[in-house]
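Each of the two complexes below includes chain A, the first together with chain B, the second together with chain C.
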Partner chain A sequence: MTDHRDLPMPPPVAGRVLDADLDLLDRQILDPDGVPVSTVDDLELTDPDDLEHLDPDTPPVVSALLTGPILATRIFGGRMPDSRFIRIPWKVVADPGIVVTVGVAADSLDASWAERWMSEHVIGRIPGGRHDPE
Partner chain B sequence: MKGLFAVALGVLTAIGGFVDIGDLVTSSVVGSRFGLTLAWVLVLGTVGICLFAQMSGRVAAVSGRATFEIIRERLGARLAVANLSASFLINLLTLTAEIGGIALAMQLASSISPGLWFPVAAFAVWIVIWRVRFSILENVTGLLGLALVVFAVAVFFLHPDWSALGSQLLQQPSPHTDESPATYWYYAVALFGAAMTPYEVFFFSSGAIEEKWKPKDLAQSRVNVLVGFPLGAILSLSIAACAAIVLLPKGIAVTSLYETALPIAQAFGKIGLIVAILGFVAATFGASLEVTLSSGYTLAQFFGWPWGKFRRPAHASRFHAAMILSLVVALGILLTGVDPVQVTEISVVFSAIALPLTYLPILIVANDPKYMGDHVNGRVTNVVGLIFLGIILVASIAAIPLMIVTGAGA
Partner chain C sequence: MILSDLLGSPVLTADGERLGAVVDARLVLDGPPDGMLAAARVYGLVVSPHSHSSFAGYERTGVDAPALIARFLRWRARGSMLVLWADLASFTDDVVRLRPGATLYSPRLSGDSA
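== the complex of A and B ==
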């Protein structure tokens, strides 16, 4: 039996508390110009040294937002291999509000490669694709 | 004029929801079989769509979030993908029906077989979405769709027996002994579902963002809803009334757009028919635009892609690719030779799944001060919203059994 005094204390809270499930997962990610990048499909946490005994002074922290083809695993369970996720490092996150705003342009992120590919190879090649509608 | 155009979004949304090809025929079918005994469903559905469209428009204007982004955020990927699959299938089937509807309307005008019009119609829809600005698109189709007002005028020119028509409004369920109660309720659910189709709120809320509505535009949003949807309902009701006056006594069954237009021909002759056909083309074309854009909006908002007609196509490439693909698939379905009108009937089943999953997240977010600040729902709105959510749930549970029991209203 563990005495209740041995239980790890929750880390001291400074600033805004975010619920990973409620405030981060499935949120839209926008760049500073309001261009959608992707949605938050999963989170990457830092590995604690010892998973059994978490050290209250150095808790795992969110190191990156992950995005990728998660639908199958979200519906049927299981987990995708890490290599299939695209990382958006937490250090570029500017404001986790009702949308997660990142501080860098969408075009500079790996997460929008599919958008760029489709734009360069298909949509941009159809006449009128690069012009404003009239 | 500026005031007239200010309600264009509401009018176009409502035309797509209330007088698209499925409704043009369904209203007529219902009128010719049940008279006006189902008019109360239309009123109920109109109140419901006004309530939730206004809520989704308010959320869009205040928080800048369109409806499907909210659905994903609030339901999570798993439930949201159930909604996405159902909504997208409805969109695809409706789009198929609408493109078919344009072709059928063009056939009435030109006598050229609809098979030849399918590709032309699909291409025309694409080119408008590709090149025409959102504001022009909504104004032109919204205005031309008003040609359908001819049905409302015709009701008066047909000199109906008003007291007989009025008594139908209160007679329940059906004046005809040969229609079973199950069939009556099947059409009640179908009419209710058609009035509250989810793509209307997807389109309306995304349109609010296309038009860059802000909290100061909330009054405009309200006017859009309160003018557009009741107008659509009145047009839909007029079509049913025309059918009840002309087709019901003679026992003419509505099987195509041709019978829908018959009462107009009787009231106004050739000129009326031309106006009605213009209205048919505008309404089906407007609905095609609305549904195509909705397919793009739902997919892009679910996956977090850039979307919107305010961006160049190259800057919303997957959004445009999704819409092109939808049009190609719809055209493919049409070319197999299915009856476009029957296609909409099938979509009622999928509608059943999507309705509650669409309206619940809107209600939740409209109460979240993080999104809405001071503009959260009032108590009355919440009570009425919850009541409607209950009705929607009952309708959606009843839809599939009723469809099986009645053989889809046969």
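== the complex of A and C ==
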């Protein structure tokens, strides 16, 4: 088997290079104030026009980060229906680094609905749960 | 299409020879501005002949510690390669097929020493 050290390096590119699994998947998503939003569970890519004859000049583009309840499919396999994923559009991503920072407030994203629901319906009903500790 | 549809898919040459399985997708942020960053296009697929996944990318970076783990994970990912999107002919029935004469590249991320 050919060792990768024998293979040529790919043609250089002008933009930043990210390996999707290595640099994006499972990274935490934070909003500009450092509030956790969710984690990157998958990526949504634009659909090629024809999967039987892929166009070399129009590669798929990342359209959104996806997050959702994927624990079961990771353990047992299979694929979660697309409708169960929550989309975070790529256009709000500000910095895909050690954590993925988005440029909008966590409260404005659907991905943080569970946090908001818990805050409003559970934490908020606990005495003292609606203000900062004194 | 979601990324998981591609990950784990077998990759065949134009002659039908199995090269391995897709373990990652390399993205390049060099498209037109899309919000706060450039659009991220799929540049190619990282293919591993011996495993269906890659852990921590030891075979693509210059990281070599802890030494025992690095050696094991590099051995597990031996023979990994990068195929560019332009060399992909089709993606049907969860199988990626390459064009005739497709070039295999090193999966190493540039800027990382060997």
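In this section, the second predicted complex is superposed on the first by the 121 of 134 C-alpha atoms of A that agree within 3 Å, B and C clash if a C-alpha of one lies under 4 Å from a C-alpha of the other, contacts with A are read in each partner's own complex, and residues count from 1 in each chain.
What we mean here is this: a residue touches a chain if its C-beta (ideal position, glycine included) is under 8 Å from a C-beta of that chain, and two chains touch if they have at least 3 such contacts.
Keep in mind that this is a model prediction, so the values were computed, not measured.
Asker: Is the arrangement of chain B and chain C around the shared chain A a clash or a fit after superposition?
Answerer: Here the two partners, once superposed via chain A, fit next to each other without clashing.
Asker: In the overlay, answer first, second, both or neither for which of chain B and chain C A:53 touches.
Answerer: In the superposed model, A:53 contacts chain C only, not chain B.
Asker: May I ask you to decide whether A:119 touches chain B, chain C, both, or neither, giving the answer as first, second, both or neither?
Answerer: After superposing on A, A:119 lies in contact with chain B but is clear of chain C.
Asker: Go through the superposed model and pick first if A:134 touches only chain B, second if only chain C, both, or neither.
Answerer: first
Asker: Go through the superposed model and pick first if A:94 touches only chain B, second if only chain C, both, or neither.
Answerer: Second partner only.
Asker: Given the touch rule stated above, what does A:75 touch, chain B (first), chain C (second), both, or neither?
Answerer: The answer is first: A:75 touches chain B but not chain C.
Asker: I want to verify the contact counts: of chain B and chain C, which reaches more residues of chain A?
Answerer: C
Asker: Applying the document's definition of touch, where does A:17 land relative to chain B and chain C: first, second, both, or neither?
Answerer: A:17: touches chain C, not chain B.
Asker: Would you give the minimum C-alpha distance from chain B to chain C, in Å, for the three-chain superposition?
Answerer: 6
Asker: Quick check on the output: what are the common chain A residues between the chain B footprint and the chain C footprint?
Answerer: 25
Asker: Using the touch rule from the top, collect the residues of chain A that touch chain C in their complex.
Answerer: Per the stated touch rule, the residues are 1-5, 7-10, 12-22, 24-25, 42-48, 51-54, 56-57, 59-62, 66, 79, 82, 85, 89-94, 96, 103.
Asker: Give every residue of chain B touching chain A within the complex, in rising order.
Answerer: 63, 65, 69, 72-73, 76-78, 80-81, 130-134, 300, 302-307, 309, 312-315, 317-318, 320-321, 370-371
Asker: List the residues on chain C that touch chain A in their complex, please.
Answerer: Spelled out, the residues of chain C in touch with chain A are 1-5, 7, 23-31, 34-44, 46, 49, 53-54, 56-57, 59-60, 78-82, 84-92, 103-110, 114.
Asker: Show me the residue ranges of chain A that touch chain B in the complex, using the header's touch definition.
Answerer: 25-29, 35-39, 41, 67, 70-71, 74-75, 97-99, 106, 114-116, 118-119, 122-124, 126, 128-134
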